[in-house]
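Below, subunit A partners subunit B and then partners subunit C, in two separate complexes.
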Partner chain A sequence: MAKHGTAHFIAQRITALALVPLAIWFVFALLSHGGDTRADLMEWIAGHPWSVAIPLAMLVLVGFYHMRIGLEVIIDDYIHKPDLRGMLHFLNTFVALVAGAIALWSIIAITLIA
Partner chain B sequence: MSDQSASTPLSPHLQIWRWTVTLFCSITHRVTGMALYAGTILLTIWLASAATGEAAFATVQAIYTSPFGLIVLFGYTWALFFHLLNGIRHFVWDAGYGFSIPASRGSAWGVVGGSLALTIAVWAAVFMTGGN
Partner chain C sequence: MVELTLPRNSKITAKGKSYKGEKSPSSDKAPDMRTFKIYRSDPDSGENPRVDSYEIDVSDVSMVLDALIRIKDTLDPTVTFRRSCREGVCGSCAMNINGANTLACTKGMDECGSGDVAIYPLPHQPVVKDLVTDLSKFYEQHAAIEPFLQSRDEPEQEHIQSHEQREKLDGLYECILCACCSTSCPSYWWNGDKDDGNEYLGPAALLQAYRWLQDSRDDEKSRRLDYLDDNFRLYRCHTIFNCTSVCPKGLNPAEAIAGIKRMMVERAK
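Presenting the complex of A and B:
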């Protein structure tokens, strides 16, 4: 997002703000469900769409977006060769999109299977 | 670059600056940000394995609860708390407060100590309840 500094700054802050409660919720949720069996984990996600499945989906989607734009700044700051920088920007977007898609698909699949 | 550095000054980098807790928090915010990227991919793999099947989930769970896996998850927990607390510190700056040297130094120590305390508390709870 070079030359779009203000929009970048605002997107970074809004996603950060959303991630504060989501991250705190996630740590506490994992305390009770990190050691779940597969059946328990699936029942927990599928059985609580509003309080588990959707916050979890928001955590990974907002999280990967926040990480993509955060890493973008780090790449811009430290990688000076234009070709390499362009390639890393592409890779960053690609990984964030694929990982976000897999996580979202997993949550939906768990909801449908369970 | 080598003949250029002999004639023109270059901006000092990490190895030049005297280490302070505020410098530590600044660079560690970026390092933990990158670590969380990797950690969230671990979360994605965990969810995908649960969606895939019993065998896939058992494999991932075995790797994550191995001694090496637990060390990685402990590091992930600390990275999350550090980035969370230091991110809140950035919000306070965004609102226009906490810029004095004592305040920024104090909040930096608060982030370091707070993130360590919260990480230890979470993992103490994990082991006491036998969660993992």
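Presenting the complex of A and C:
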């Protein structure tokens, strides 16, 4: 985890920049669907693959990746026992991968299968 | 986990002593009695540190270092601190005065407010005695960035540098290695000496690394950047800016670190 800090530094900034428009879009999109039922929302995603499902998938991918590398910095900063640090790095990657995969699969399932 | 507990025998639990001085015989002004609360520690004795109070007349004292010397001369010769040039050039008398790291010799009594003056050693360094800290790690980190010219040119006479090239070193070469910046940095407290060679070099060493990266005569930029391209050595800087706000020479280590990061990103393009 210690080497090649620059790639990490650049990735963190690029994902942060990408999240600005994605997060703003997401908040406004959710606000405009305030009273929707579950079925309405599924229809909203499935019915607009280019303008909803793809931005949503990007938000999920970029968001979980950004979360993982951000938490990595915090673990490196504050955890002093090398074994525990290694374990938390693994757990961090694992949680981000699993949560990201579930979210991405849900979007694919709603858009293409449901 | 996070190390929040202090090392053994490092808490200030011992009862401090009080000393009261008299009016300064060399002063022709009205006496101005001020209390200095000074951290006292002697790790060899096995006792916990204490804070002693010294009340002295500062009517004819201009700098905090002068006050410390007066305390040592007139009240308690066992108070231990480093000092040498008494004019902000050597960096020996770096300590924490009223909560901020600075040089005792350039800190004026008029900058200390009107209350008691609290004097502690540089934070988060092993204390040798009283205000003297062990800076071995700090010097090791300075050595690690290879603070010397590495040029493949062998000119007949001197290495030629234009005025513009020379100006790039202004604000970088003036560092006196007093350690005020590095020991004021929380990230350096936690990561300055971590484990398995994972260590943040700290603002002082990085300022010097940047000084050599900016030197037009140096040919080892790429190798210098390779050494710094590490999550711990360079990227533990989280732009806290304590380094810049305490530097007694008015330098800007935070900007130098940002400069190194910029060079890294440009190189990665």
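Methods note: the second predicted complex is superposed on the first by the 109 of 114 C-alpha atoms of A that agree within 3 Å, B and C clash if a C-alpha of one lies under 4 Å from a C-alpha of the other, contacts with A are read in each partner's own complex, and residues count from 1 in each chain.
Assume a contact is a pair of C-beta atoms (placed from the backbone, for glycine too) under 8 Å apart; a residue touches a chain by one contact, two chains touch by 3 or more.
Here the structure is a predicted model, which means the values were calculated and not measured.
Enquirer: Does subunit C touch more residues of subunit A than subunit B does, or is it the other way round?
Expert: Of subunit B and subunit C, the partner in contact with more residues of subunit A is B.
Enquirer: Thinking of the overlay built on chain A, is A:His8 touched by subunit B (first), by subunit C (second), by both, or by neither?
Expert: Once the two structures are laid over each other on A, A:His8 reaches subunit C alone.
Enquirer: Is A:Gly34 touching the first partner subunit B, the second partner subunit C, both, or neither of them?
Expert: first
Enquirer: Determine, under the contact definition given at the top, whether A:Ala18 touches first (subunit B), second (subunit C), both, or neither.
Expert: Neither: A:Ala18 stays clear of subunit B and subunit C.
Enquirer: Go through the superposed model and pick first if A:Ile110 touches only subunit B, second if only subunit C, both, or neither.
Expert: After superposing on A, A:Ile110 lies in contact with subunit B but is clear of subunit C.
Enquirer: State whether A:Ile79 touches subunit B only (first), subunit C only (second), both chains, or neither.
Expert: In the superposition, A:Ile79 contacts subunit C only.
Enquirer: Return first, second, both or neither, reflecting whether A:Leu71 touches subunit B, subunit C, both chains, or no partner chain.
Expert: first
Enquirer: Based on the A-chain superposition described above, do subunit B and subunit C contact any of the same residues on subunit A, and if so which?
Expert: Shared contact residues on subunit A: none.
Enquirer: Any idea which subunit A residues touch subunit B in the complex?
Expert: It comes out as residues 13, 16-17, 19-20, 23-24, 27, 31-32, 34-35, 38, 41-42, 56, 60, 63-64, 67, 70-71, 74, 95, 99, 102-103, 105-107, 109-110, 113.
Enquirer: In their shared complex, at which residues does subunit B touch subunit A?
Expert: Contact set of subunit B toward subunit A: 30, 33-34, 36-37, 40-41, 43-44, 47-48, 50-51, 54, 57-58, 65, 77, 80-81, 84, 87-88, 90-91, 94, 122, 125-126, 129-132.
Enquirer: Subunit C touches which residues of subunit A in the complex?
Expert: Residues 1-10, 73, 76-82, 84.
Enquirer: Going by the contact rule at the top, pick out the subunit C residues touching subunit A in the complex.
Expert: Contact set of subunit C toward subunit A: 1-3, 187, 190-191, 194-196, 198, 229-236, 238, 261, 264-265, 267-268.
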